[in-house]
Each structure stands twice: as C-alpha cells, then as structure tokens.
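For clarity, chains are labelled A, B, C and D in written order, and residue numbers in each chain start from 1.
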Amino acid sequence: MRREEYIQILDGTHPDHGRGVALVHQGLIVLSGLAISLETIPDLPGWAHTALFAFEAFVVATFVVEYLARIICAKRPFRYIFSFWGIIDLLACLPALLIVQQQWAAIRSLRLLRLIRLLKLLHANRALIRLEQALAKSRGELLVFSFLAAIILYIAGVGIFIFENEAQPEVFSSIPKGLWWAIVSFTTVGYGDMYPITPEGRFFTTVILFLGLGVIAVPTAIITTALINTDLKETIEREVEEEVGEIEREVRKDLAPFKRKPTRRS
Amino acid sequence: MRREEYIQILDGTHPDHGRGVALVHQGLIVLSGLAISLETIPDLPGWAHTALFAFEAFVVATFVVEYLARIICAKRPFRYIFSFWGIIDLLACLPALLIVQQQWAAIRSLRLLRLIRLLKLLHANRALIRLEQALAKSRGELLVFSFLAAIILYIAGVGIFIFENEAQPEVFSSIPKGLWWAIVSFTTVGYGDMYPITPEGRFFTTVILFLGLGVIAVPTAIITTALINTDLKETIEREVEEEVGEIEREVRKDLAPFKRKPTRRS
Amino acid sequence: MRREEYIQILDGTHPDHGRGVALVHQGLIVLSGLAISLETIPDLPGWAHTALFAFEAFVVATFVVEYLARIICAKRPFRYIFSFWGIIDLLACLPALLIVQQQWAAIRSLRLLRLIRLLKLLHANRALIRLEQALAKSRGELLVFSFLAAIILYIAGVGIFIFENEAQPEVFSSIPKGLWWAIVSFTTVGYGDMYPITPEGRFFTTVILFLGLGVIAVPTAIITTALINTDLKETIEREVEEEVGEIEREVRKDLAPFKRKPTRRS
Amino acid sequence: MRREEYIQILDGTHPDHGRGVALVHQGLIVLSGLAISLETIPDLPGWAHTALFAFEAFVVATFVVEYLARIICAKRPFRYIFSFWGIIDLLACLPALLIVQQQWAAIRSLRLLRLIRLLKLLHANRALIRLEQALAKSRGELLVFSFLAAIILYIAGVGIFIFENEAQPEVFSSIPKGLWWAIVSFTTVGYGDMYPITPEGRFFTTVILFLGLGVIAVPTAIITTALINTDLKETIEREVEEEVGEIEREVRKDLAPFKRKPTRRS
C-alpha cells in the first residue's frame, strides 16, 4: 500500500500531494532540454559552462534517484524494468555514466537519448488517445498514401536526374541527390540549393509537383474525415435517440388509456 | 442617459449617427498604420516627412480626445480604465508623449504599441466569437499538438546540429541555430540560409520532416472538425426534430378517435 | 427566332450544331494564350514571329466578328453591350487597334486584357456556382479572417523592421520591405531574398509564424465546413425523412383496424 | 484449373502459397528501384558496379519469366497481352534487351520504364478504390478548379513578366520563364532562383498569391467533403434506421393487445 503511493506521487496521480511533484518533475525535463541546447553555443563564458554542468549533474542525479525509487516501489520490479516506460527511464539515466568519463567520442550523439524524457510528458493524455483511435481507423488509407507518396518521390528523383544531370552535373550528380531535391520540393520547403534549369526539367517538375501535392493533400482529408466521423457519430446518435425517445413517450402516453395491463418495460 | 449616448456613438452602436463616426474612426486607424509604414522608407523627401508627422500628430490627438471622452462619459470610469479595452485605448495615446520628446532611444520600439489600435476593429465581431467557441472546445487537442510540435521541433534542432555541425561548423554552430533551421523547415518556408549537406543529415531531415508535417496537418483537421461539429449539430438537431415531429402529429391524428379525454399537452 | 439561334450557337447551347462552334471558340482562346506566351521568348527566329503575328491577327479578327455578331443578334443590343460579358467581349477585341499602331508604349501592359477572354470559359459552370453559394454563406467569417491576416501581416512587417533594421540596414531598409518579407514568409513561399539573422528577429519570426499559420489554416477549415454543410444537409434531410417515413407507414398500418373512418390525408 | 492457380500464385491471391511468392515479388521490385538509384552515384567502386549489374540482370530475368508464365497460363492470352497490366508487365521486361546492347544512347531515358513496375504494388487495393469513388464524385469540381488554377497561373506568369522584365531582363526574360516562377511560387516551394524586386511586381505577387492560394485550398476542401460524405452517409443511415426501428418495435408491442389479427410482417 505504502509503496504504490510513491509511484502515484511520481506519476502525478496521487490524490493529496502527487500533482505538485509531477509538475516540478516535468519542469525539470523542459529546463534540462533548454540547458542541453544552450551548452552548444560557441564562445560561452566559463561560468555559464560551470552552471550548465552543475544543473546537468543535478538533473541526471534526480532521474537516477527516480529510477531507483520506481524499481524499489514497483509491485513487480522486473515487469517495470522491461516495460516501455522502464526502458525510457533507464535511458534517461545513462548520461550519468558519461559525466564520469567525458572524453568518450560517442558522448555527443548519446545526448539525444535525454530528449526521450520529453516523451514522458505525453504519458496517458486523453486527447492524444482519441486521435490515436481516429488514426487507427484510417491506418489502411494512410498506409496506401504513404506508399503512393514514396513512389511519386522516387519517380520525381529519378526523373529530375535524367532531365538535369547533363545541364547541372555537379548539382544533380546522382539519383540519391535527385531524391533529396524531390523531398525538399514536395514538402514545399524549397531551400533553393537544387532546382531544375532546363525547360524539360521544369516541365517535368510542374507535372509531378501538382500530382504530388494532390497526393499529399489527401492524408489531411483522411485524418479530418476520421476525426469528424468519431465526433459526429456521437452527435447523430445522441440527437436521433433523444428526439425519437420524445415521440415514443408522447405516443405511449396517448395510448395509455387503452392499455389494460401495465407495460413490463417502464 | 446623455453620457451613454456618446459612448454608443464612439462604439458605432448608436441608432442615429453612431455608424458614421465609427467608420471614420476605423479608417483613421488603418490610414495611421499606413503612415507609420511609409515613414520608414529611406530617402523620403522633406515635405513627405512633414505631412506624415502632421497626420501622425492629428491621429494621436484624436485618440487622446477619444480616451478622455470615454473616461468622462463612462458610468463607472475606473472600471473602464482598468478594463481590457481601456488599457488598449491608453496605450494608443502613449505616442503623444513621444512627439514631445523625440530623442528617446525607445521611441522606435514603442511605436509597435500603436498597432494595438487595430485590435479595436475586431471589437465584438460575431463570426470571431463563433470561431472562438469552436477553438475553446478543441483547446485540449490543440494544446497537445502544440506540445507535440514543440518536441519534434526540439528533436529536429538537436538532431541536425549533431549531424551537420562537423560538415558546416559555421552554419550549424549551435543547437539554437539548429532550432531556427527546424522552424524554417517545418513551416515549409525554407529560406535557404541553412540546409543539410551530409547524407545522414539529409536522411534525418527526410524522416523528421514527414513526421512533423503530419503533426502540423492534424491541428487543421481538429479546427475543421470543431467548426463542422458546431454547425452540423444544429442542422441534425433541426432536421431530426422536424421529421420526427411530423410523424408524431400523424400518429396522434390517427389515434385521436380512440381518445376519450383530450391530451393535456397540445 | 432566327437571331437568338446565332447567340445559342456562339454560347454552345444550340441543340443542333452549337457545341462544335463553342469548342473551336474555346480552343482558339487557349491557343491564343499560348501564342502570347511564346512571342516573348528572346532570340525567336523571324518566321516564328511572322507566324505568331498572323495567328494573333486571325484570333483578334474572329473576336471582332463575334462581338459584332452578338450585338446584331441580341434582342436588346444595348443591354448586352453594357452587361458584364459584353464589356469582356469588347476588351477582347481591343488588341485589334494595337496591331494598326504598334509603336504605342502601353501596348505591352494592354496585352493582359486578352487574358480576360479566358474568363469566358467559366461562363455558367454548375460546380462553380455551387462553390460560390458555399463561399457566400461563409463570407462573414472569411472577411474577418482576411482582416485578421492583414493585421498579423502588418504587425510582422513592422516587427521585423524594428528587430532587423540595424543588423541588415540594406535588406530590411523600410517597413514596406518588411511587409514583403512577411508576405513571402506567411505564404510559406520563402524565396530566401530576405530573412532575419539576429536572435531576437528569429524569435519574433517563430512566434508570429506559428500564430499566423494558424490564422491561415482557419479559412481552409471554413470553406470545407461550408461545402460539407451544403452537401450533408441534403443527405441528413433525405435519410431522416426516408427512415421516419417508413416507421410512419408501419405504425399506421398497425393502427388501421382501429379506424372507423378513412383518414383524410392519404 | 491448374493454369489459373499459377496466376493466382503470381497475384498473391492463391489460398495456400500465393502470399509468399507475391511478397518476394514485391520486395524484388523495391530492391530493384534502390539498385537503379545507387548505380548513378559517381565514383562507385568496380565491385559495386558488378554486383548491381548482376542483381539487375537477375531481376529482369525474373520479370521475363513471369511475363511468359502469365501468357502461357492465361485463359485468354491475347486479352492479357493487350490489357493495362499486360502492357505494364511487357514494359518491365524491356530492359532485358538493353543489357545485350548497352551502347544505345536511349538507354538512360528508357530506364524510367522500370519504375512502372512499382505500379503493380497498388494492384487492387481496397483503400485506393474507396478514394477513387470519392474522387470520381467530385471530378466536376476538381476539373473546374484545375482549370481555374491554370488560368491564375497563366495570369501570374504574364503579369510578372510585364512588371519585372525591365528590372531583371536576364531573370524574367520571357513569359514561359514567368510561368516557371508562378508554378514555384503557387506551390509555395519558392526555390529563390526567381523573385520580384520592383514594388509593383511585389504588389502584384501579393494580390495574386493570396487569390491563388485560396484557389489551391479549395480542392483539399472538395476531396475532404467527398470523403466525409461517403463515410457519414452510411453512419447517418445506420443510426437513424436503428433508432427509429427501436421505437417502432416499442409502439407495436404496446399496440399488440388491440390487434385481433396477427400482423403479416413480423
């Protein structure tokens, strides 16, 4: 009984003082993310480095303590350790080892793991679950359209290589580079690092772009449809039920004098 | 009675001559916005500067007069002064002080306050209120998605820094710069000031971009759903009520001969 | 009777041979548009110029003949001349005058008028009318959002000028230039000719961009809602009517034995 | 009987072992697409070239065998050969001829044909068919808007040429170049290779851009409406039927004691 309460406090579901701990906890995650970001600014003064390192050490210590507390207090510790959130919690503690041995070359890329802490913030959100259901329903359509989009991207990448390779051998030097151009163009980002210059390349781009933007517009429509269906279904159900129920009551009231026996159902 | 009428005239809700005053008033705000904009064009001839300054002084004077009139005519002056629109009106008058003492360094940035006047134009718009209601309903989902978007932006900013820092140390010099890249890319603006050049950076961009654009497509779907729900609910309600009401009348007419006593409800 | 038929032939509504004339007519408009476009390519060979000029003369002659035919055959010629399509037809003939006097300086910009011919192709399209009705319904909301978008654009243009003018006095030299940046950024085109470089300018861009993109996403939602409402209203009406009608028939059949007198309404 | 089974195996619809063959088949297509892409990377080591060529030869051989098998096993071979998928299968085999005679100049562009294999993956997908129905319903509207978009693109291309040709004679040298700018701008890609610099050109861009983006937003709304209609129609039908059916049962149960004869319909 006692032990479960500690986990409730850490999760923010404890009736008395859990909410406060959870908010401090989540604030710490966000601040830690900002600290990781600020650390990388070049020409940072020495005191800032020291402060950020101290904060970093404090945050990681907190997570280690939390992880140990969760193992100790869990009803079934092994089940927690190998659960999805157990692994996330462990990964959040790993940077502790790196502070001891800072010279490792892999230190930089492992930092990314700390970001996974942020996923905790979404732990069991109701709005997210509702959307997940809507997405689950339209999974089939979304899959087909991801696939269609991949094909169009591939055709675009190959096509632009064929049309532009001779005119710009340095820029469109291979199909993988053409694919990068296709991705930058279809997402309509358009950095301007690569663009067709030949008339045939531009004509190909025009045709494939309008086709591809249509394909990209459809998933938005699909998600919208799924969300509206989930919501409107309830509305229609409730409305029809309510109205039809009213006339039912009216008709039965009118018929009441004719009945000799009381109806079984109220 | 007399005093309230002045406020009605200023608000444009007066039955007789309020509408005209309000239109002149709103036109003045828009013209003043244009004047602020034109003032900044370099190499403007002297007469233009003089004309714009005179117009500026006239507009600010109008707003000071309006603000004083509203205080004098208000039933509860203090309530107006500390209300939202009271503060907006006061801020709109502040540039009057700056004309007296033009050399202040802060003069430039305080100019922005004059733009707040424009907010007055939206004072009590019906279409806006309807949308606000739709937004209020889907606030939960929109919050979650703002949060999800923030996380993806953060991961994108950190990831691109890790992948591109070595190849382009000048361009991707820190995580905050990576975040700027992430914002420019996810909004699909793509200025072209920063873009990945390494194969792994480009692959990371591709994955994160398609994920992120999906997350950005969902809020549009949510707002659409909320708007449609508000509108369709009424349609369904009306339709079902009408149709069900008709059969109710029909059934009751048919049953009429059987009744000995008149029904209490018509 | 005879005269009206000629107009029907020109409009493509004649029962016998109108359709063919209208298709030739519309093809001529599209070909003329392509010819105008090709004319401007520099270093065009002489024979191409001659051919394009001859085609141009032929097209304009056709339109002059058509315009005169429409005036002669119209029941009320003056009503046609001053109607919307009458003026469009007259403007389409104007380039005829320019062929006579080619040296005019205004010749270039007046060419744009010929494009108005293309509007004829949309003459009385059913799908377009249906959309117009949907747009007309949501005119209020769309107006408010155009206005909101204008305000955000204005704030963005002024803000970026304040933040970036000192760092890039050449690029962000005035508020009108800031407004151009705002338009290029909010439409997510992002040419890359102007972009913020100071941290405060970038932070301002981030905040205003997410706010503004939300405002731009709403009109899409509004148009979708209007279109869905128009379509679904009919569906709901039909469905509810059908289903409720069925139970009506059932109930009345069951009640039939009780009736002494036939119901007045079938 | 025997022959049809072979085709079922190749199509992946065979009850016993068809699924496995189809998956290997589709995997081969995707891998072949990747191989084509990797082949083009410059400075590829010799062994990689050899490996990719061998894989290529293997894939094409597989397709030739499959094509022949399909002809032999088809009930009506000629009907298959001249069907849509028969032609696609034949085109997928063509690169076999090119391996024999590699020096042909057309070899590069004919490679694109191999991509058509990918279309096979979409063979008879249910989600795609459902979308096709939704698109078929709104074909009229989509056609009108493609047309409207084409007109606006044309006007934009001509307009920008008129406004910018004098200021940037090299960049906006002809209307076709203006059309390329219009396409890059309206799709909001914005590479940054061409952009207006004159105030009138920028003003024209602003007006035409907001108009054009609205036109492009409508097709998304139309597709969403078509999808929602298809889905919601069923929901409404089911809901109303269910609810009305329930009250029908209730009312008839209440009326049962009055009936002398059993109702004919249950």
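Methods note: a contact is a pair of C-beta atoms (placed from the backbone, for glycine too) under 8 Å apart; a residue touches a chain by one contact, two chains touch by 3 or more.
For each chain, UniProt lists the protein as follows: A, B, C, D = Voltage-gated potassium channel.
Computed from a predicted model, the values in this text were never measured in an experiment.
J.: From the C-alpha centres, identify the chain that is farthest from chain D.
T.: Of all chains, B has its centre farthest from that of chain D.
J.: Can you grab the rotation angle between chain A and chain D? Superpose on CA, round to the nearest 5°.
T.: For the C-alpha superposition of chain A onto chain D, the angle is 90 degrees.
J.: Cα centroid separation between chain B and chain C, in whole Å?
T.: 27
J.: Please work out the Cα centroid separation of chain B and chain D, and write it as a whole number of Å.
T.: 38
J.: Please set out, as single numbers or ranges, the residues of chain D touching at least two other chains.
T.: 176, 188-192, 220, 224, 228, 232, 236, 240, 244, 247, 251, 255, 258
J.: Line, ring, star, complete or other: which describes how these chains touch one another?
T.: Topology of touching chains reads as complete, every chain touching all others.
J.: In the complex formed with chain A, which residues of chain C make contact?
T.: Residues in contact with chain A: 188-192, 224, 240.
J.: Given the complex with chain C, which residues does chain D contribute to the contact?
T.: It is residues 140-141, 143-144, 147-148, 151, 154-155, 157-159, 161-162, 173-176, 179, 185, 188-192, 195, 197, 199, 202, 205-206, 209-210, 213-214, 217-218, 220-222, 224-225, 228-229, 232-233, 236-237, 240-241, 244-245, 247-248, 251-252, 255, 258-261, 263, 265 of chain D that touch chain C.
J.: Mind pulling up the chain C residues that touch chain D in the complex?
T.: 33, 36-42, 108-109, 111-112, 115, 118-119, 121-122, 125-128, 130-131, 176, 180, 183-184, 187-193, 219-220, 223-224, 227-228, 231-232, 235-236, 239-240, 243-244, 246-247, 250-251, 253-255, 257-258
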